[in-house]
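Common to both upcoming complexes is chain A, partnered first by chain B, then by chain C.
After this line comes the complex of A and B, so read on.
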């Protein structure tokens, strides 16, 4: 292994871990702000560190401090298995975190004949990894619910377990349809397949090639991650807080964070399998590498435009009402952030100029493309996370029997039918 | 050396999990022991460079078997006092251990030669496995599929029959109960 290989391996592992962990506060903040947006209020926006509010993200860090300092409370009726009661949230969290590790963040780097995967875990059977490790997560819910020795927790746990069992089938069958279409179980190869063109002008994204399987995949992933409209396991209108009724402080926070990591992982799987992953439509990695100067030029135009829009939006919105006299450091924050953004843009421009006119090595070019793909991946990930959140705050919760009915009577036959048609079409095309 | 130490840790987890599974009276801890043993077994497969088998192990044993058994535990709610009394349990365990003692030679042979294969084992990736399965082992594969299908059909038939009976019994029971 060369030095570059080691650096890439370590940095992609760090990227995977940080992307999974650091999105939790951002997602909590997004959840609260989008909920407020939908309910016509503002949401958390005042917590600050030296005047820096960052739109309210700081609130999530304050929440973390609160949850860490809260009293650890154990229900006295839990006589045995306290260790498993404490371990259960960790199982859920760790499974969700591990499942995220198989997602590719950028295309495989080819450096001096070495193929380096930009993946936290460089494996070529990512789909199976996700299905296998993601299924462990529900065990934490079941253990926690059973060991709480509480009727509500028991009901929540059994609901979660039976829901996962009934939605694992449509999930697996819809992913099987994608495996047949793409002819691979490697997430990265799936993304590469989607960089082509479909019907001559459409991008060959999974949602256009396999619309039915895509919808089934999205619905079953909503159920797998316990997100609305499938939150019966913690339905607070019926069973208090479901499986986490007896979990307090950091144990509750582990379940909570596990849910967000699972949602993040589900979004990553959805964009990787059906929305072209880290690629922008119509443009494949080879195309960017071959026409690198054109690609860099387009970047040099678009990055300042986006930054200018962002700064304008921030200047307009990061203010207080005219009736309030003290601005509590908002102008200062705007000023500092504007300078930081401008400096960052200038740095990017200088690097791109250098790469276009002076650099000769292809290594720097491929690393630039890799970074661009990571940015595209994160942007798509966040968009899909926002989709998850908007669904949560607009669609009411299903009743439990409706969920089972939907899973067994509609999704399972539809996914079987879709699998049959896919196999027929693929055999017909290949013969 | 690293491989042997990882192997020993995994083996310890596996043995501990298995013992916890058969000796624990609380069904939920037995299920947890089974979970630990299965994950450790998957780790052993991964150490033999057959990563696909390791993932399949987790997918089948943990994702399906443990989740289903946990769901059964949740619905049945077996108390440790309602389990059958086994006063001679320790005696039986010791007796059977003595009975299977000759087989420990086989175990010893396997354990002593297994670490040699960790580095030399050919990587069994998905492609190799798929090609082998659908060329050399295609007949056993198909026979297994038919076996599984028949097992599924049989399970459905048994479930339907028992459901009808249960319905009848519950109806009669409720009638009997409603009588003063």
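After this line comes the complex of A and C, so read on.
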């Protein structure tokens, strides 16, 4: 392995870990802010560090400190299986985290004949990895609920078990349809397949090629992440906190963070499989590399536009009402952030100019494209996370037998039908 | 069929309802509308930025913190009849009576304590008072302190509270 290969491997591992872990506080904050904005409230917007509120995202870090410093309480009635009771949240958290590691953040780099995957785990059987590891997450929920020796927790665990038998089959079958369509079990190859066009003008995204399987995949992944409308393993109104009733402090925080990591992973899988992953529509990696100066030029125009819009929004909204006398350092924050954003934009412009006119290195070009793809990936990831959150605050919950009904009577036959048609079409086209 | 019975049509049996997805689409449209409206102008969200912005909609009938009223010549209106402490369901009013020397009535409170931590702000003391001596029209809705003793209002504190809605003196004593 060359030095570049080692550097890329380490940095993509770090990127994957950071993307999975650092999004937790951001997602918790997004969840609370978006929920409140949907309900015409403001949400947490006061916590700050030296006057920097960043829209209130600091609140999540304060919450983490609170959970870390809380008393670790062990229910004394748990005599048997205490180690598994303690391990259960870790299983849920680790499974969601590990499942995220197989997602490609950018296209494979080709440097001096070496193909370097920009994945935290450079494996080419990502779909199987995701299905195998992602499914373990619910085991943590079931163990945790069962070993709590608590009726609410046991009910939550049995409901989680009922969820598994409802969604796992449609999930696997819908992914099988995608495997047949893309003819690969490699996430990266799936994204490359989707960078083409479909019917001559549509981007060949999974949602357009396989609409039915896409909907089944999205529904099953909503169920797998235990989010609304499929929150049954916990339910305030009927079974208190469900499977995590007896879990306190950091054990609870593990479940809590595991839920957000799972949501992040599900979003990543959805955008990788059906929304073109790190690609923007109609543009493949080769096109960007071959017409690098055009790509850089477009980037040089769009980045300042986006930053200008952001600054305009910030200047309008990072203020207090005219009726409030103290401004709590918001003007100062706006000023500092504006300068930081402008400096960042200027830096990007200078680098792109240098790359267009002076650098002839293909390595620099491909790294620029890689960084761009990572940014696109993160943007899509956040958009889909926001979709997850908006769905949660829109739709009421299903009852758990309704979910089984949905899974077995509608999703399973539909996914089987879809699989059948897909197989027929693929065999017909290839023969 | 009895004509008093109204038959409500049951919804949810059409294909569109059974698909769920159109309904979810409609719901998401509503939530996104609220979200984008609020995110584009955060200061227009109809909430109170509480400590900086104070409520302006406290009405005359709002039961705020108690006060003891005065007579026109600034002496205390209370005659220490114990009606309020008798009516009080949470037993938070403590009165000690003494003889009155200023020529108005026979009795006045020597001490008058209200434990606002016990108080449930029901307003029965105001209803019971024959002299219009205790009122809850101060408009004070927030009471803070750093110890429990800070919340026990004595006679001087209660007399120092001002009525927020114009009527300053007792209407039943002159």
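In this section, the second predicted complex is superposed on the first by the 431 of 431 C-alpha atoms of A that agree within 3 Å, B and C clash if a C-alpha of one lies under 4 Å from a C-alpha of the other, contacts with A are read in each partner's own complex, and residues count from 1 in each chain.
The rule is simple: contacts are C-beta pairs under 8 Å (C-beta built on N, C-alpha and C of every residue); 3 or more make two chains touch, one makes a residue touch a chain.
As the structure is a prediction and not an experimental result, all values here were calculated from the model.
Participant: Who does A:390 touch here: chain B (first), chain C (second), both, or neither?
Facilitator: Only chain C is touched by A:390; chain B is not.
Participant: Applying the touch criterion given at the start, work out whether A:5 contacts chain B, chain C, both or neither, answering first, second, both or neither.
Facilitator: Neither partner.
Participant: In the superposed arrangement, which partner chain does A:367 touch: chain B (first), chain C (second), both, or neither?
Facilitator: Neither partner.
Participant: Applying the touch criterion given at the start, work out whether A:78 contacts chain B, chain C, both or neither, answering first, second, both or neither.
Facilitator: neither
Participant: Chain B or chain C: which reaches more residues on chain A?
Facilitator: On the superposition, B touches more of the residues of chain A.
Participant: Check the residue A:351 against both partner chains and state whether it touches chain B (first), chain C (second), both, or neither.
Facilitator: In the superposition, A:351 touches no partner, neither chain B nor chain C.
Participant: Contact residues on chain B for chain A in the complex?
Facilitator: 26, 28-29, 32, 35, 51-52, 55-56, 58-59, 62-64, 66-68, 70-71, 73-75, 125-126
Participant: Within the complex, which stretch of chain A touches chain B?
Facilitator: By the definition above, chain A touches chain B via 80-81, 84, 123-125, 128-129, 131-133, 135-136, 138-139, 142-143, 145-147, 154, 157-158, 161-162, 164-165, 168, 185.
Participant: Under the definition above, what is the set of chain A residues touching chain C in their complex?
Facilitator: Interface residues on chain A, with respect to chain C: 34, 37-42, 215, 313, 316-317, 319-321, 323-326, 390-391, 393-395.
Participant: Under the definition above, what is the set of chain C residues touching chain A in their complex?
Facilitator: 21, 24, 27-28, 30-32, 34-35, 38-43, 45-47, 49, 52-53
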